[in-house]
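Here the chain labels run A, B and C in written order, and each chain numbers its own residues starting at 1.
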Amino acid sequence: MLRMQNIAKRYGATLALEHVDLEVAAGEVMALLGENGAGKSTLVKILSGLEHPDAGSIEVNGAVRAIASPGQAKAMGISYVAQELSVIGCLSVAENVLLGDTTIGVFRSQSRLARLARPYLERVGLGYIDALRPAESFSVAERQLIEIARLLSRKTRIAILDEPTATLSETEIDRVKAAVRALAAEGCAVVYVTHRLGEVFELAGRATIIRNGRSFPAVATSSVTVDQLIEMMLGRRLDQMFPERRGGGGDELLVIKDCLCPGLTAPISLTLRKGEMIGFAGQIGSGANAILKMMAGLLPIQQGSISLHGKPFTPSSAHASIAAQIAFCSDDRKRDGIFAARNLFENLTAPTIDGISRLGVIDRTREAVRARGIAQQFDIDVNKLGRLAGNLSGGNQQKVALGKWIGLDPSILMVEEPTRGVDVGARAEIYRHLRRQTDAGLSVLFSSSDTHEVHGLADRVGTFFRGRLIDLAPASTMTVESMTRAITHPDLAA
Amino acid sequence: MIPPSLSVSLRQHLSRDAGQWPAFIVMIGVLALFIIAGAATPSFLTFGNALVIVRAASMTGIVAVGMSVITLSGNLFALSAASLGAFLAVIFAIVTASLGLAAGVVAVIVVAIAAGGLQGVAVVITGNPIIATLAFGAAFRGLASILSSNGVLRINGAAAIWIGTGRPLGVPTQSWAFLILTVFAWFLIRRTSLGRRVILTGASRDAAHASGIGVDGVICTALVIMSLMVAVVALFTVCQFSEARANLFSGYDFDYIAAVLVGGIALRGGEGSPLQAALGAILISLLENLMLLNGFSAGLRIAIVGLVVVAATGTFHVLGRKHR
Amino acid sequence: MRHGLLVVAGIAAIAAFHWTDSRAFAEDKGEIVYFLPSSTNPYIGQMERGAKAKAAESGYAVKFLENNFNQAEQNAQVQQQLASGEKVAGYVWYPFDNAAGVGAMRALSRTGVPVVVTNQLPLKGTEKFFTAYAGASDDLSGKTAGEMLLAACAHSATKCDAGAIIRFPAGVSAGDDRVTGFENAIKGKLTVISVTPADGFLEDSGYKVASQIIPAEKSKITWVYTENDSMAGATAQAARENGLIPGKNIFIIGGTCHGDSSHVVNGDLIGTAIQSGYFEGWLAVQTLVKYIKTDVVLPGSVSLPADPNTPPSDSGSPHKYNFLPNPPVGNSQAAYDQAKLWGRPAKELCNF
């Protein structure tokens, strides 16, 4: 169905793609893997007509074609689903599914559109939803499925899905996977870009790996292991994903007693020690991040008491929490984690502007010293501090989002989804940095929908289900399986 | 902590200002226009005419520099600047006429700070700088009209006349003020902690809030700065002509905004510097001077300035996208 | 939110105050509805005073419907006024944009109530849509200025030939008419180097243009006509800054007294002429009332006499075109202090 050969693309001095081949058959799901910056997104842009290759050929259905524009790509049956969904919130589900369909004619009553959209929605497992409601009233996962239903309605022959599950919880992911299978079953060639390697084995028959602008011959997923895939992507051996734990149990730092806040259905008590890392596992909406948000001053405390350093503390606002040296990184890095249009000097010193100023004037030497100090701690290239944060890879952005708090000398660092949108190589780095901070005496609270991550990283693990803390115990006493049970069906947990 | 090697620190100092490129483009535009025009128009390429151009840009430029602080903070524009100017001019004239120049200056500063603060609160509460300042603009114009009883308010005094018409070192006071305030605003934005807060708030209001920056205070401060710049212009204008009226500066809001846009300051905020607004004002003034001397008809002049604004905004937008 | 409400309440209170204020003179004979741009413009503020005074004297109430210098808004106001079904004694129509307001003027005329146009001389071909014109003659204003300039040139020891015109913004028909009147008056005697529109009507606008044109044309320029005294005063300032001495080697005339008289009385300007907003409003109402009384319009035009003491009589019928006089005023303190029109001193009439 699709054969791209010898694709090369240069942006100024940087060679984004040097030599890439990609072949996908009709009805096949081909995983496209690679670290951030390897060239995946450039390849995807070429395929969807947003960029033009400097060299190489593209065959669609056996004929050599040039894809000059997104419109032309669409006419060839190539559809691209970006990470940022293009579902239009104020339009109804049916309108979204049939968006751009010119064959329907002028008589577009909502009920007729709903009838026409129905079969596509059923095939992606959305048969139960009311197609007349606006799309914005549905969850991210459901909107993702609506997007796939649109691909079906357009009789898409080549579909490119860019990290469709990046922001979803595990049960939601299953639904998306089923929809992707349905898409392939219709004879569509699917290019599936993901960072979640587990999905690759379940979904894709083969995987194409890109590293530094070059592709490897596609490998059958049945003949490789996860570690082999990771090593191919990184080009080096992956010794261990998670850093070693070193006990982590100093004095009691934070004591939360019978606290309740929006998102929780039962009061929570816990104690965080100096140098300890506690991870909360739970699906999106399970309340795993509620305590973090409450401590950050973003959610009101409805009952209970908190003591910090042995003194009562009320996180009444974001200001109050920062003043108490509690740092919080939300899971929406693009929105409030970094300043994309500003350089790293400014990003890394944003929480401590007064600390780098004298009489209200910024001392550029202090600023440089502080930024460079953080950069060294977090393995950020010191020579790249003049770059804009938005131009960095997801992993480096996350290092900036975390690292900026170090200047504040926090006592507690709270992180939601520490590795969302971070590729597999940088993930290990983030884990190492977080661990290094706790080794230095900082306490860390994090929440994640990735059970492996919580189990592998945290000293103690909390599991959440429907606003309840199911269990809080040392990670060594838990398995990933028992945790997965706890966050999906706690009643079945032992 | 870490002894920075000289080469690294130099490179960083250069690269951290890499975001300044729109200013260079405008600067090149100014120079190019100067040279082209100089070749074609006699009496254009003279020091005297350069002074004339800067003088013509001064009053618009000072407000544009203040306006740029609002744009940089991510709040687009204040559409109340012209009306606020008339209101402050009327206040200045009334107080100066009865209590003297010093009292007039103090009154104008106090009222400007209050007006800026109130508008800041309104922008924060409504979340919409355009609507909030538009409403305030109507109120300011109305108040100016009531306070002046729609008449002409006169002031007298040698000091006021010197402020309005003096030429220290052969350069008009207004041009000095333009120069000094541009440098001041540039320093404020690029080098002070307040300026850093303004820029970060503009770059991402959410991220600024999450980093513990008091974004509401930053927005109020930006409007106060703009109001103070407007106060300076009101003061100079009243002093120059020894009078104030309620309909002063009518229709000037477009000029202020045009200068900010032609200067290439990103509308989404967080990128650029007040220097660009000043250069934008000079570029427009240059263009107008050129057209004036070449006898372009009024319609053509307005259309060309409009097209330049559209072209500049479009170019910066496209370049900005390529840049990231 | 609360602040927003306060602002709205404040504006509403101000609006209500103005509304009741404008109705304060209600009497039995009926109401005159006066459409005009915003009185934030001091000239228009004067106009309202004159209209109100004359209406009260004649036993009418007058309601001002102001627009914010926007013809679309004014047209909408006409629609609303007509839809209200109010009984009206007559309309005064001061369109912001003459051409774009013809439709609205026609709608007013169809009610059968008299319509007196003021300030903007109606376009040719629209005679059926208004009863009479009563207001300034911008042509006459330009002509007066041209004649005063010629007289000054005749007595000048230095060269007086080429000069520049700084006019009102493009599209302001009063600006067109004044330039035409001026150019006709000086035709064959003086040369015009350039006609440059300013971006406003006040000192700062005039200064902006003059400070650029004068240095560029310094060797040629011997006079500047600016259409009003505000811009003329600013031009005198710009001339001084460029080493020219107004009244000696450059002659500056605004032709309509406006704002600061200091440049007239100190001789910077070669003189001025009274263009009174107060009497323009006054005359519009007088014309309307004279028509209501007699139901007759005399054909042709009349330039009302510029008597220093006596205003035109209330008796008789108006002409189709009734022009306000533009009496010249000399450029000395004594001449300025003595100048009067229709019983009111220049000092008062020019303060806008």
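Structure notes:
To be clear about the criterion, a residue touches a chain if its C-beta (ideal position, glycine included) is under 8 Å from a C-beta of that chain, and two chains touch if they have at least 3 such contacts.
What you see is a predicted model, and the numbers here were worked out from it, not measured in a lab.
Using the average of C-alpha coordinates as each chain's centre, C ends up farthest from chain A. Chain B has its Cα centroid nearest to the centroid of all protein Cα atoms in the structure. Taking each chain's centre as the mean of its C-alpha atoms, chain B lies 33 Å from chain C.
If you average the Cα atoms of chain A and of chain C, the two centres end up 68 Å apart. Between the CA-based centres of chain A and chain B the separation comes to 42 Å, rounded to the whole angstrom.
Touching of two or more other chains is recorded for no residue of chain B. Contact residues of chain B toward chain C in the complex are 43-44, 48-49, 52-53, 55-56, 59, 118, 121-122, 125-126, 132, 135-136, 138-139, 141-142, 144-146, 148-152, 154, 165, 167, 172, 237, 240-243, 245-251, 289, 292-293, 295, 297-299, 302. By the touch rule above, chain A contacts chain B in their complex via residues 318-319, 322-323, 328, 330, 335-343, 345-346, 350-351, 353-354, 356-357, 360-362, 364, 368-369, 372-373, 376, 382-383, 385-388, 390-391, 404. Interface of chain C with chain B (complex): residues 1, 3-4, 7-8, 10-11, 14, 38-42, 44-46, 69, 169-170, 194, 196-197, 199-204, 207-209, 211-213, 215-216, 230, 233-234, 237, 241, 259-260, 262, 351-352. Interface residues of chain B facing chain A in the complex, by the touch rule stated above, are 1-2, 4, 8-9, 11-16, 18-19, 191-194, 196-197, 199-200, 203-204, 206-214, 266, 268, 270-271, 324.
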